[in-house]
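Each of the next two complexes has subunit A plus one other chain: subunit B in the first, subunit C in the second.
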Partner chain A sequence: MKTTTPISLKKLAGRNEPYIFLVLFALCLLIEFRSGQFFSSNNLVDIASALIVPGLFAIGAFLVIISGGIDVSFPALASLSVYATTKYLLDIQYEGGIWLPIVIALAIGALLGAFNGLFIGYFRLPALIVTLGSSSVFKGIMQGALNSKQLTIIPVGMRTWGTTALFTARNPVSGLTSRMPVAFIVFLIVLGFVFFLMRYTMFGRSIYAIGGSETSAHRAGFNVIRTKVVLYIMVGMIASLAGVIRVCMMQQAHPTNMLGMEMNIIAGVVLGGTAITGGRGTLLGCMLGTLLIVIVENSLILLGIPTSWKSVFTGALIIIGTGISAYQVILMNRIKKTKHSVKEAA
Partner chain B sequence: MMASRNPLQQFQQMYSKDRHLWRLIFMIVIWMLFMAITRFNKFYSMINFQTMAAQFPEFGLMSLGVMLCMITGGIDLSVVGVANLTSILMAFLLINLTSATGALPVYALPLVFLLAILLGAAFGLFNGLLVSKFHIPPILATMGSGELFTGICLAITNGNAVSKFSRTYANTINNRLFDLIPIQLIFFVIMAVVIWFLLSKTVFGTKLYLLGTSDTAARFSGLNNTRLLLQTYMLSSICAALGGMIMLANYNSARADYGTVYTLQCVLIVVLGGVSPVGGKGKISGVVLAIILLRLLETGLNRFPRISSYYISLIWGGVLILVMVLNYFTENRHPLPRDARRAK
Partner chain C sequence: MSESLLKAEGIYKSFVGVQALKNVNFSIKSGEIHCLAGENGSGKSTLIKIISGVYTPDSGYIEFDGKQYTKITPIEAINNGIQVIYQDFSIFPNLTVMENLAFNSELAEGRKIVNWKRMRTIAEEAIAKINFKVDLDAYVGNLTVAEKQMIAISRALMFNTKLIIMDEPTTALTKKEVRNLFNIILKLKEIGIAILFVSHKLNEVFEISENFTILRSGELVASGSTSDLDDRKFSYYMTGREFIPRRFKPVNLSEKPIFEAKHIGLSGFFEDISFSLRRGEIIGITGLLDSGRTELALSMFGIKPISHGSFSIDGKQVQIQSPRDAIEHNLGYVPEDRLTEGLFLSQSIADNIIISEIDRLAKRAGVVDQDKRKEEIERWVQELSIATPDSNNACQTLSGGNQQRIVLAKWLACNLDILVLNGPTVGVDIGSKHDIHGILHELASKGLGLIIISDDLPEIVENCSKILVMKAGRIVAELKADETDEKSILSYML
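This part shows the complex of A and B:
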């Protein structure tokens, strides 16, 4: 009996990225055939700029899911920290650059993240419940204590930063132009940083280890509590950064408009092959999954499908995507079983 | 000596048997006292309690469904999608049944409720198949199907409200039995009693708790896990569909984005009610108390016009985390990090 087939099959079955890449590619081709507009320069730039905020959120969600938790509070966290920042800067009539807003938002984000981390890390409460509760608390602070309203004017530094273009892409056919915001660089920096962290540092290893099994990680000498607290602080900072970028790009601070994003973001991360039970997944897959969701949300109109069908497609995508990865697990177990029986026979 | 110690002892026994339940009762009593001191006249009136009793069944019913799923170790995030899809479809049916004079035929009400239950069962079957046959983690399966159901709602209504059906429907449901008990409450009580009966008096309930504690153990004990999960998710969606029918009556219209906050609110209620998110633990009494506590808090807060009603979400989240931390100090004394999720 050939022993190479099960191994290569297992490798293929264990990876989600090839599938998701194929689906993504097929979808792009389909849209291109139907509209001829998908691979136009301005559409690609549009998609890239639409990816920034969900992409950053997805990185945060990815980290949490790898560690075996789940975070549903990041939209509320981002909304609160960016709203508080913008409001404060407007009150002191701040006129400087983008650095101060980012630093303040990051500080608030770290604080709120530490709040999550405290309960999840020290008290070992289930992450879903804590983040549900904390998202409720954050919303309450924002809408109750800060009495949030839509801020149509944002500080000048944030405004100019949001409109500054890295480059502009122009579609020769339709004449439409799209700006690539500077924020895209921030996104790439965070992506690179997290990639490095997960791939080459002990901290990244410990996140994977905790996600695999907390008890084993603890016995192997990882400081589970500290890792979790640091992780949630980091995720809070990433989410706040995404919030600042969103406000800068939209040129206004709308307190509730980020809320409700959490489900789609988590869906994208899981579509990319990150196991919801933790311990398994790659950043590449997470980005591909998020890109798929972003393209479905933004490009259905190019296919001639009314936008009211958007949720139908997202829902179907989640079910089919997670169905495939669940099926892969069954397949993998079956291969393991046959491998075992082969060994026993030998 | 015995006599003097007995009541206290009894009480202590009762307390330690069900700390969580008693904590909820204390909270309700404290809040009721607080309202009695500060806003007695505005809070303690018949009409106020009747309004509250008419308001909570819509998300109360959904919470009951979420509770069942959580006892098996899963979760149902599609309840609002199911509720809205059912209520929109039934609203279309009601429009067709409404005669030119705006009256409904006699059979209309039983018919829509029967159909709603059937629809709920069908949606639940879909969820159950995803969870049990395709082995998709429940949180993802129901998140996806919830999105799908909401999507279908949006697609068939274009995001508009469906409302031009006979007022008879809303009037009937908004009525009060003997001018005292709101009809909505009766629906809730019936479902709660049915689920209580199933959970504590039948083999089905025992099996559910076993399945939630460990599905491997359940399988090796000869339980048909697939069928159990199918039944659970069907029951959950039936509850959600009935909740949708009550929403249809309360708003006198149906829309794809009604009740979107209920998804997370139901999970909050169920956890606050003492159901363990990893499954196998939880009582309906706790969930019902949590539902009542939420309604009392919200209505009570509305009696203070100077306090923004948005504070309710702050209080609600705070209460949830507080209760969980209290549980940690009284019940969780594990020397090592918990690994309950992975044990399954």
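This part shows the complex of A and C:
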């Protein structure tokens, strides 16, 4: 690997990942010193389990942002596909395992993703406008056609899968226990799959290429339209998978529970160094940024900060975090410029 | 005469009612350097797109290596060895040099999985062909324009290339980089690759190409050997107009200077510069790119306020700390890059004209007087003969020459005393250039003091009465235009 991906320290300094990692590490230490509870086994498991759904959403958002687009419809898309799936399975009194719910949700997710992809890829409409619109459409279908209300009972297969634990961590001091859901494996599989896709396939590279310059990508021979449509289908499927996991873990299907998550997810992705203008960013950074947001949302209570202040802290983190990376860019440009002028003077 | 590599015969092409090409013939031989010239909208790019298969001609045919095509697809063009290097170089600024080089051939071979080692080998081979040294892991967005161009050329050579088409390749290159590019073009010629060079710059056509083709409004007006061409003929073919060179002769010079710079300096850029400008006079300031000429211009307009010395206007010492100060003293500035610094491209022509005098058009409560506004706009559109059907159209619908006229109109509307112009005709075609110079002469005769900053020496010699040459931040020579020539100015610059 070393020969194909040389990463010098100097190059690393220009990246966002080391900084976000340091911030993350400092925050963890702070919480640990204040509470002594952060590095306890059950808290770590709690954070890992809280990362699953935002993590999957973030992977989807990451892919779209890299391609130069933006997707604000994924919470609505996930809600609609999982709600439709659950309702249908309840209607037919399905009693089987988890596979059918996942397959149905993925199929609906692909269909809804294709809807986005068609307008964004084929008709070349701006992604923000399309997904704002489709977000409304998806919510509308859920409330209108499906007459959505909270489903407090979910099919038995989903219920048992949601409560099955890989292992259980127990805090020796407080005696609290936390389950690591099986869904974490699913998250890791998707993460590994997307990592491979982005780094080792022409499809993944074409997403980067399109994010860098759509005209150049077209001229180089990439099939820009097909790539975009496939991308949005894939993102729809990943979001729907996250939706199924959310419902299984909560043991109920709540139609509006996921709505409004999009801004924090996108903020996490951008915080992790993904350029909002597309083309630049790594999956590692995206995960670190998301993890930071998840930890702030989950662990502030350990610092003795009331949960009502949570959004203030998340917001401040986003402003400071993106501010720092924006400042980094300005700094880098300045260094480059002075170097350049020195060269020219010489 | 050897067989031609590429021949286009009787090409017609029209777009919704506009005849872009009328009966155009074109041919190029292996290893020939050919220049395709013409003003904006003459059909140059349409012809290139037909040759490279992007457009299909309405009639006529293309012959490649003896084979005739009535239409050709982009892939067929590439398979026949035609490569186009567009003005934006078709690069991915966010990716590394390696990927930028290797993508095309990886895609052409239909690969699905990325092998980083193979990509590196491909990239190394590509840059070795033109002896280009670059860090393969650097991001292309961080490279200079010249380096990006080298990447585009290396990439074009990776296929079995016989003809490379370069669209305005010298825009945004420094003199040294242009020289380097020309050397590479000559090397490519040696190995039998034909180069079609698209340009509207006179000196380039003469310097590099053996043959030329000139288009005007979609028609072939002249083609042949460059050695038969001279300045006069070239301008005539390009524009269809005869230009009599007009040397600027100052009339109505004022007794006292309207604008003076006394020992002004800006740390790190220029120092100890003094000059004085009288009404009716045009001063030229020239120098190399890093001579400090641009910074001097910016300082006069208050964008980069001076750190030493002083300015005086009409004999009174003044502070110019910001563009607002400059405007208050009736000093205007036409920037080098009018697209980003001088115009609101997406706004209407009308609004661009009145933007700097908007305070004067206001009625009491700050509301703009619509009648007055209309009057002003009509006046300037007419006075500067801006070619537009409707002044409510966006500024970006205009050609470079007309855009520059709007920048001028904007300032003239303010009743200026002094106008500083930085590269007033960069990227403007010959016809408009001539007209803009005419406008400048007229302004001077009406009593304005003008300062032209430019590295276009013919422009300086023709239009200025006094020439200041800058080098490394200092004035090294003050010359009278009618006692000097381009050669001696150049010797001071270097």
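Simple rule for what comes next: the second predicted complex is superposed on the first by the 333 of 346 C-alpha atoms of A that agree within 3 Å, B and C clash if a C-alpha of one lies under 4 Å from a C-alpha of the other, contacts with A are read in each partner's own complex, and residues count from 1 in each chain.
FYI, a residue touches a chain if its C-beta (ideal position, glycine included) is under 8 Å from a C-beta of that chain, and two chains touch if they have at least 3 such contacts.
For clarity, every value in this text was computed on a predicted model and none was experimentally measured.
By the touch criterion stated above, A:208 is placed in contact with subunit C alone, subunit B being left untouched.
After superposition on the shared chain, subunit A has more residues touched by B, the comparison being subunit B against subunit C.
In the superposition on chain A, no contact is made by A:246 with either subunit B or subunit C. After overlaying the two complexes on the shared chain, residue contacts for A:312 are found with subunit B alone; subunit C is out of touch. Judged by the touch definition given at the top, the superposed model places A:126 against subunit B, while subunit C stays out of reach. In the superposition on chain A, A:222 contacts subunit C only, with no contact to subunit B.
Once the two complexes are laid over each other on the shared chain, residue contacts for A:199 go to subunit C alone; subunit B is not touched. With both structures placed on the common chain, the touch criterion links A:322 to subunit B but leaves subunit C unconnected.
Within the superposed three-chain model, A:147 lies in touch with subunit B and out of touch with subunit C [touch as defined at top]. When the two complexes are superposed on chain A, the residues of subunit A that touch both subunit B and subunit C are 213, 215. Residue ranges on subunit C touching subunit A, taken from their complex, read 86, 88, 90-95, 99, 103-104, 106-108, 111-114, 116-117, 120, 137, 142, 144, 289-290.
If you check the complex, the residues on subunit A that touch subunit B are 68, 70, 72, 119, 123-126, 128-130, 132-141, 143-145, 147, 213-215, 218, 224, 260, 263-264, 266-267, 270, 276-277, 306, 308-319, 322-323, 326-327, 329-330.
Across the interface of their complex, subunit C is touched by residues 3-6, 11, 199-205, 208-209, 211-213, 215-217, 219-222, 275, 278-280, 336, 340-341, 344-345 of subunit A.
Within the complex formed with subunit A, the residues of subunit B that make contact are 77, 130, 134-137, 139-141, 143-152, 154-155, 158-159, 260, 264, 267-268, 271, 277-278, 307-308, 310-318, 320-321, 324-325, 328, 332, 334, 336-339, 341-342.
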